[in-house]
């Protein structure tokens, strides 16, 4: 147990000026340790996600064990597996139904870029439909890599200001995907 | 007078706060217990041993975008979680969390209020708990939610009956509707569970059903109905639903502990009381003894919460029609039989002995006659 | 219908009366789960604890250098042809005088790019390489990306760093077989 | 209607004449309003992605309409542009729960076309790997059935064993799920001592215990039994009509197993039984898979005990990559190396059908070669795709909970379904 | 004992000139029939008291661009479990008018397989209860498995096709 | 000013009474005025609650509890349950708005008239605080009264309910076919 990295209290909580810390940090930390994933598992990578949820890798250590199959409750859309062109609109709708703040991980080669399936029916990467925050390479990625991806999202969540979702850049990003 | 009121107010607030805190940490406990049962380690990043995990969840839920689906019924959509949470919290009022404490020369109950219809109160509030789910599920305007709501409503109504009848046996034994007097009647180790083993099992099962826990978690069974009645809820509204479930679990455990496991009674309590009074004086000793009783109660509550989770992570869930079958064809008759046995045992004057004798007779009849019935039904088909 | 003489009916015996009361099943199940509650946990705490992935795991690509620090790749293109995902592309260049210290063969890769998001880590490139130049490391994954610009790995990320050489038990399966015999 | 015939509500009144018929032209039974429920494409019960539009009468399913193709990846089209050895990577992704079976099935198809005889050791290694894959496939299916009925823990107990199978894969081929294991003409490398030790440990020690424990958790638990017994039953004749194969067919009582009927890869050497069910309901499917896991264990135990010595690949220069050392030293080996990697292996013209017993049934490869470097046409007979058609018939009249259970007991793998 | 010869004998005896092109690639009896006779031939094999070809193993389409007049081929494979023997039946139809009678009347399993073949090759199965695309989107306007259509997704950007004659 | 004084001097019980009364009136009005039946039910539940509160003020704890358990907890749940199945979008008003209004007005007026007459005729019982039994309305008293003075009606009613229940079960079962009859 000794070598477990423990979250430090947000800076500023110690010492006299304890309110100097911004709310952003605290909420960012809270968010990062409570990323409820929506496993959008279509194929092979979904099985690896099962392994990630399983006892040996245990995604719950990161507070991300409660899979929310309802997009309203999810914070993290994990797209795992091939997204065919037929599936694209569904994926987009799921993304639209999610509440802010939302993050997207493209797990595996198929979701990130189409991978080996360079064919008429496969979407060449989900970032043509929705904005993606983290790409996890591998086909399928090992659970370790999926956890890496999750930790990357945690990192993003911790460093995101509370107001980011209201900024112009973010709106422009959504606009570019026509999801606003 | 004033001190008494203030102390009472403090107790009420404390009960409230404890219920909330318990609910908060039950989520953590659920995660850890689930993890341990499944050979995992559970949350261990947010704070030491993941102890800050509930805070992280809460913080996230509070700051998540709160939106109401366009097709939803706006007011009822908001009302649903509120009702669920408030009804869940209300029933903690009549649970005696301890004996009495002596403040300023007066004995004050460690209880929200000691009404002589305590059990009816619990019963009434529990029956209202379904409104939160029903309203929320309907207002979401989503078919999965509606199915969840409908399942929740029919399940709660069905299981309330068996619950009520199994409770009647307890009332018959103690002759009081006040929870406090029921608890006081189980002094020492004279617990009701020894008189009412079957009633206890029935009540336990019904409380599982009332809390929507596995094997009765049909309203939110995620493999069938996505998330059931709270499919459309996000952010803190869903948080309230989740919390209310855990508050319900806490209250159920407390009720179970009070009614069947003697509440704040524990074996050898008189000895402890006398020792404490002897060494610390009348007031302090009494208060200390009460504190020990409260601790005992909480230990029992923890046990029940653990049991609930243990059951949840072991058993598969029922199907809708099987759930109804169990309620109406199994639990109701058995509860009535239990009631009759209890009544007879009470009349006999030796309740402990004759309760068991009655149960034994019932068991013998059941296991002796059931095969014959079964054969008949098979041949009828 | 029975087609063979090797069939065996599965057990579908009725539940007994006692089992029909739900309790035996429930208690047995709860016994199993409580046993696991107190058993040793299987979890590998990943970022701190890492698992050994076996001697042949197919991870991060590496372009090996030989012992003198010269790049082995000769841009024959077999790896690119063998790649089912068509993730490898390269541009060849002739070695000029004075570059013998850098490149082992007369031809070398002026640029060698792998699209890490396309790659499916099948290991066919490693097998196809006649010069033992490309390998999939068994001890390292490709890291996660946060933007599309990072995904194409050029030679700067692929060629082995002589200060931190990649080692493995055996470089070819023949060597590996020899190793096993020793064991 | 002045006559005084006592009329019960449901008594059918036959019209006396045409006038009367008009007067009675009121629907006797009120038209029921059905609601539709969209099970999928994003629903936790559809492991993988497909859609079922259920027409519901309350909680009862009246009808359902399926939509598939949400992860259609055009395997067959891609296969027409890839050399034979690269298609292995595609077969990995067919039924991704049991990739090695697909890999070897494909290799055997090509070997049949090329006329390559694989040595005994390679066949035994293949059998071991295929049975491990079958175990891991059935593990997923049966434990997911537990998850779908709400018991989550059993799933995680057996997933630990699956993890051990993954470790064996890793030792053998270097990947966990999409194995790309084996080559045309044999294995890419021999079984390492570590791998053998791990397999032995799995099949003799750890796995039987865990599987027995899993059975205690579920087999005789009344709640679970009630959930799955008499749910989604299908007769053997109907199942045959629908092209069922594999465990789902065997659950109906037909002992069709490709491993026994048309033994391939030395399956005839092993002594095992075919568990068959009684009436083809979900419980039978569950029990047949359970039984098959035990049988697979038996096969692996026999194979690992009797693993023959010898080469692990066919000595065919034309089709099997030469050792790297020879590529450096001998010109001939270098040429073969280039030819094989480029895919110019001079395949004969012809059409081959080869079937193996996949995780879900008869997995067939129908290959037409025109002598080029790629298949002219490659068709996969995907068992899931064929038997999933029967789903509406199986869940008609049942509740949504049953629909979920039937779906997971059918073990429809989206990768195989949509191809 | 039933073997390929006896089947050929029986089938030729029953249908004469309607069945032709007998082959035995890798021991699997293959023959061709006309689209109009397909149902009859398959029904005969299915209901034959000895053959009992009661199982439709596979149904697929093939595109032979060079086979003028019979560019599209619908091939079905039957399996007799009792005798453990397989037979493959082919039907060639011109690409301009690809019409084949449906086997759904004989085998329920043919339903989706025929839809898939229609989806891929555009072979129309006459009498099929629900002949529409199954794997691809409804609004697709070509049959992707025909040889003239390219494999690659036209929108892929991250590949240099000039390399190595791909 | 006088009213203000009055309000100031109200006791806690009176405050509670007025509050509950206003709330119950609000609930009752909401019940009949809201267009959505589900809203009506929710308002009705609110009304039951406030009525239970008033019972409590009258020291009729048992009645209050039973009111909540039976009406709010069971009957209204079933109401809501049934309403949820209905297709609420459809306007099933066969009568026109006007005729509805007229008939409602007549019915309401008649009811009001009867109430006025009844109240006028009723004798108000003045409670003597000296010998008032505080336990009136408690369960013990109630139970004694029920099982002593009203034994026969009570048992008859329970038999009636039993008959009704079995009848309901039979009726509900009939749907499956005529094998049960």
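All chains are identified by letter, namely A, B, C, D, E and F, in their written order; residue positions are counted from 1 within each chain.
The criterion applied here is as follows: a residue touches a chain if its C-beta (ideal position, glycine included) is under 8 Å from a C-beta of that chain, and two chains touch if they have at least 3 such contacts.
Computed from a predicted model, the values in this text were never measured in an experiment.
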Shortest contact path, subunit C to subunit E, counted in steps: 1
Chain whose average C-alpha position is farthest from subunit E's own: F
Inter-chain pair with the most contacting C-beta pairs: C-D
Of all other chains, the one whose Cα centre sits farthest from subunit C: F
Rounded Å distance between subunit A and subunit B, as computed from the means of their C-alpha atoms: 36
Separation of subunit B from subunit D, taking each centre as the mean of its C-alpha atoms, in whole Å: 44
Averaged-CA centre spacing for the pair subunit F and subunit D, given as whole angstrom: 61
Interface hub residues of subunit E, defined as touching at least two other chains: 81, 84, 135-137, 144, 151, 158-159
Residue list for subunit D, restricted to those that touch at least two other chains: 43-44, 69, 72, 74, 77-78, 89-90, 151, 153, 156-157, 160, 163, 178, 217, 221, 223-224, 254, 256, 261, 418
Residue list for subunit A, restricted to those that touch at least two other chains: 4-5, 55-56, 58, 61, 67, 69, 86, 113-114, 116, 118-122, 139, 142
Subunit B to subunit A touching residues, read off their complex: 31, 35, 38-50, 52-53, 55-61, 63-67, 222, 226-227, 230-235, 238
Of subunit E, residues touching subunit C in the complex: 81-82, 84, 158-160, 163-164, 166
Residues of subunit B that touch subunit C when the two form their complex: 33, 36-41, 44, 310-311, 313-315, 367, 370-371
Contacting residues of subunit E [partner subunit D, same complex]: 25-26, 28, 30, 54-58, 60, 62-63, 75, 77, 81, 84, 86, 88, 107-109, 111-113, 116, 120, 133-137, 144-145, 147, 151
Residues on subunit D engaged by subunit A in the complex (per definition of touch): 41-44, 47-49, 69-74, 77-78, 89-90, 92-93, 96-97, 140, 156-157, 159-160, 162-163, 166, 176-178, 414-415, 418
